[in-house]
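I have placed the structure first, in the form of structure tokens, so that the comments after it can refer back to it.
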């Protein structure tokens, strides 16, 4: 064990020197780099095995495919950071897309307010999740498992087996799904925007930092006077809003919307978040990691189609990637915790 | 009185089952028909087996969402072995062994490596499903040789073998938890893993056994699947884990671990089965069924808490802000 | 091929009528009041809703007690539960689209043991688990229809790729196999070639789109994506439109006209195919009613008279070919209101 | 010391504050004043209620009764943030930082400077740097707390407690994890703050530190206020007497039985950074006490012997056989058991009945083939219940018991396994005096009659003197003294425990 001489100035040694003494911080950095390395390895593997893989066009295509998952993963990140999770994300997406486009299809006057309505719906659904988890103290897995069914049930009830067809969508939403801005699909920019916005909120606002604080050390959060109920409520509401936006974009992209839209996507979203290095224990990870996680999943899907590999292997590879990701998380977590909780008992004089 | 308090959740379930029975029989005149009750019960055997498998895992404070995929591996493997004419007993043992192996994989990752169970089993959920498809190939298989179907299709007198299997497994689970050291360790580990370790219990071993049991029972469910449906495909039981978790939680098993009983799970299965059967018999649209099950799940946990909060508001606030899990204590002491 | 089917049914009308009526003396041709349940794969899909309308129409025409049952979850166990719970309600017949034809077979057999007639439509169950299968299109005809649609989109032919719902959907698998066979062997389709590996999208629109894009990337000279899934085909076309590749790549296959009307109208697609699901549902329900009344017994050669919807002859293994493919093009798309 | 504001109300007044946790009375009517510009030491044995008082003053938990006033104004803080707004801050005993956040964020959480909806990062960092500079500490405020050393983290906590209008600063055992040079740094900061008029409450177990710093000393004992006195008027001996003074005098019962063979022999036991070169033996029938300040590493030694630690070096012999402790299960099977100090978290499973708790470690030997012998189990529990006179029925939940009875359950579950070596960590911590005496009798009975070897870790001097045959005094991970109890006094033990051990120190 080393003793830092307190009188010395801030460490100014080489890059590695500096990380040598701060293993926890290093571990977290490595964890994020790890996702990128994993993505890089995937890219290299596919580039070697699938000649068509490394083209600009294919890159664009992968980004476009991952855009909606990125947004949904950004919302999920908010919740996972607090040490909870949201299994109802697919249902929120489906419900929002269906209801919003159905309403705007029938009442064209509503068309300009599509986004606003979606945000409202998402906020309400997320708020309900938040109340269940925070005030009613229902473990998040149970609460959102319940709302997964309830929200999905509600949308099928509402839809009554009808479909919203692409013609009913507001023209500007349809245009958006086709738009290309600066050589990339508008969706990619929007996803980048949402991720950046969520990232900004998480990094730069007091609320965002309290999400991390709560997940990082709930007891300390209490000592610091943070209200865990309010933070959790905020996280779920935010996640609901972001999921609603994802749903809206998914609906506009798909065109023909039925009440099943987005079902089952929660597992993909969780996978993206976990692979992206957002710790399932809460408190660590970034929304950018989650976005990279989404790209990783899209890359796997793309590469395997390029390689003409059977669907089954996709399931296997994705599963292995998740397990590997949490394995790395566990090691990182140990490092982080050991750095702050170890109490030095003996004197070690330099 | 003490017994009544100890089994208050089960009593509540029994009352609810009674109400559901009345409701269902009013909803549909066909409900109280013996054959119908039997065949409906048969339908829930597969979910019940997975629920009893999930029970120890949740009791230990963990979760396993990969069980339906394990079932699929079991069913397609069993079908494959049946196709190859492997002796029935050998085929069954092989499937159970593979179920155990898959459970062991989960258990090792969760208990030995200390990884979060939700994420681990999210991974193996996909991986095991992939294995099931690899075994099954593109097409499913149809099994018609009766000797392979006894567990799912056979009958002893008027009672289907599969129901007997479920009841035996349920009784076994109840006995395992109530009368064996494993059961005692399970509650201990789920209630307080640190104290359990300090008491010389192998927390890792206990959790691993839980996962292995879950795997074995899912494998058994796969065998029954083949018996009941005389076929197997890679996508068998896809999506059924939500129902299984609902049954376990509704059965009064705390998702945080440490409490819950097999009887509760059985009663929850009966309750869910009664409601769903009633609604299906009345041809209630599927959407309402989804809604009702979701609401039931949340209500089962949310309502007691809500009552507690309301009661707490009425009393002068004696606050325990310590942020510990002793938040539940006041209610318990209040009741006594 | 359309004509073939009608000729065949015309021929057999005379022979079939006699046994049909003599076989069931006690009910002598009346299905009035018969209780018929229609169970789609799962509820909430527009295609099945259209078929339901046909069933309801038949119910009205024949004075049936028609009910539509099912779960909104696309899971075999859910359909099994639905069917199991239909039996005690003693319907006279079940009209079923099988989500897993093998797995629901025992339930259907139970129904038949209880004296319930079983008719499958859209997706068949095990042959011995039902009385009749009203097949919308024979697998060969379905394959040809989709290839024809592909050629309408891309007259010069080119590379095609397939998206199916799942490896376990037998009709999709059969369609693909026939399409491959025809491309390999039939000179009419020799301008086409295909990507061997089939992709699976599980009737999920979002996934279909991702796969479509990946297929385009994987195969630069890809011309047509073909899918038998009424979800995947329009979704894939939408993905192509979104990607700004209309006119370079096309998606086609089976789709409801309502879901592809815009593509056809704006010229991004020349043709999609299907049949009339409402009429299919109508025919299936009529067939069920006639089984109930004893007008037919599902023997080979018997004729189902569905009034304006036509007459159909029972083929081998109780299979009834509806076989009326529809090709939606710019010329006729306005005529379809489903 | 000039107190210009003497006429005004005291900076902080604690008046009749009480607090119970269930059956435990952590504080009973505690009252004392703290003046502006003084360092006020708050001392008392473990469990005296010091930390509980800190929590009440800073709004972490409400007291049951009593008033805390600042500058004559009664306060009602709902959260620590309210307290901070009123200029009252604390550095709590257990580390409370967010490992994943940066140093600056940890310092400023809850009171981020804002620019619009955003945190003003520049301002935040500047402020954090200023506060760190105030405690004479310079580190990169952007780095993550997870990367800090323990001492650095401690200074971050202190910096966090500071603010421009700081009126009262409470430090709960701030130096327990610091080296002397680091501690010295902290003393300077505190003195400087005092000189600018802040009232400081300093909680510590270290004599020389209290002597060097405190202007005034308040002693708590068993949740009650004993004395508040200027430091100069309170000698070390007197202070210790006030801390340990008991209403019931524990009797020292002389041992009459001879000692048996060595049942536990430890040589050269080391865990890097925690304890070093620990050597001792325990004989059958002997009670050996291990004394020392909190944090001396006593629990760690016992835990290492029980197979709970990895990376332990050295040799352990049980009844002459060398063993390598790997797991509690293995050690319990070998007859060596450990009673953890953290009773509720580690010693018992409070949601299970008494009988289950007692039988838990013995289940395997009781039943056959994994089946629990419930009759045997109940018999076992009943025997222990009556032997240790545990209140209540064996079917009762342990959560319904008082602390003392919970502790008896925790002891009973090991006794049921008939071990030969007992490691008891603070066996009477936080239990009432009557039960305490009972536990002492039980220990004597086990050693003298049943010939067990007992290692008792205790911070209660009188208990050490009354019960043990021999005392090992630990300081900072090393045994500094090994005394026959007959020749030891409280003062000699405390003196040894508070001295700074060096490797050369041998008693």
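Each chain carries a letter (A, B, C and D) given by its place in the written order, and its residues are counted from 1.
Definition applied: a residue touches a chain if its C-beta (ideal position, glycine included) is under 8 Å from a C-beta of that chain, and two chains touch if they have at least 3 such contacts.
Keep in mind that this is a model prediction, so the values were computed, not measured.
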Contacts common to chain A and chain B (chain labels): C, D
Pair with more cross-chain C-beta pairs in contact, given A-D and B-D: A-D
Length of the line joining the C-alpha centres of chain A and chain C, rounded to whole Å: 39
Length of the line joining the C-alpha centres of chain B and chain D, rounded to whole Å: 43
Length of the line joining the C-alpha centres of chain C and chain D, rounded to whole Å: 75
Multi-chain contact sites of chain D, meaning residues that touch two or more partners: 60
Of all residues in chain A, the ones touching two or more other chains: 152-153, 156, 219, 222, 259, 264, 310-311
Overlap residues in chain C, where contacts from two or more other chains coincide: 43-44, 72, 167
Every chain pair in contact, whichever chains are involved: A-B, A-C, A-D, B-C, B-D
Chain D contact footprint on chain B (complex, rising order): 179-185, 187-188, 191-192, 194-202, 258-259, 319-322, 329, 332-333, 336
Residue numbers on chain D that touch chain A, as the complex places them: 59-60, 79-82, 84, 92, 95-101, 105, 109-110, 112, 114, 117-119, 121, 136-140, 143-153, 155, 176-177, 179-182, 185, 272-276, 295-297, 300, 476-478, 500-501
Contact set on chain C toward chain A in their complex: 43-46, 48-49, 72, 74, 167, 195-197, 199-200, 204-206, 209-211, 213-218, 220, 231, 234-235, 238-239, 241-244, 258-259, 261-262
Footprint of chain B on chain A - complex, ascending: 85, 132, 135-139, 141-143, 145-150, 152-154, 156-157, 218-219, 222, 259, 264, 267, 270-271, 274, 280-281, 310-316, 318-323, 325-327, 329-330
Residues of chain B that touch chain A when the two form their complex: 63, 109, 113-116, 118-120, 122-131, 133-134, 234, 239, 242, 245-246, 249, 255-256, 285-295, 297-298, 301-302, 305-306, 309, 321, 323, 327
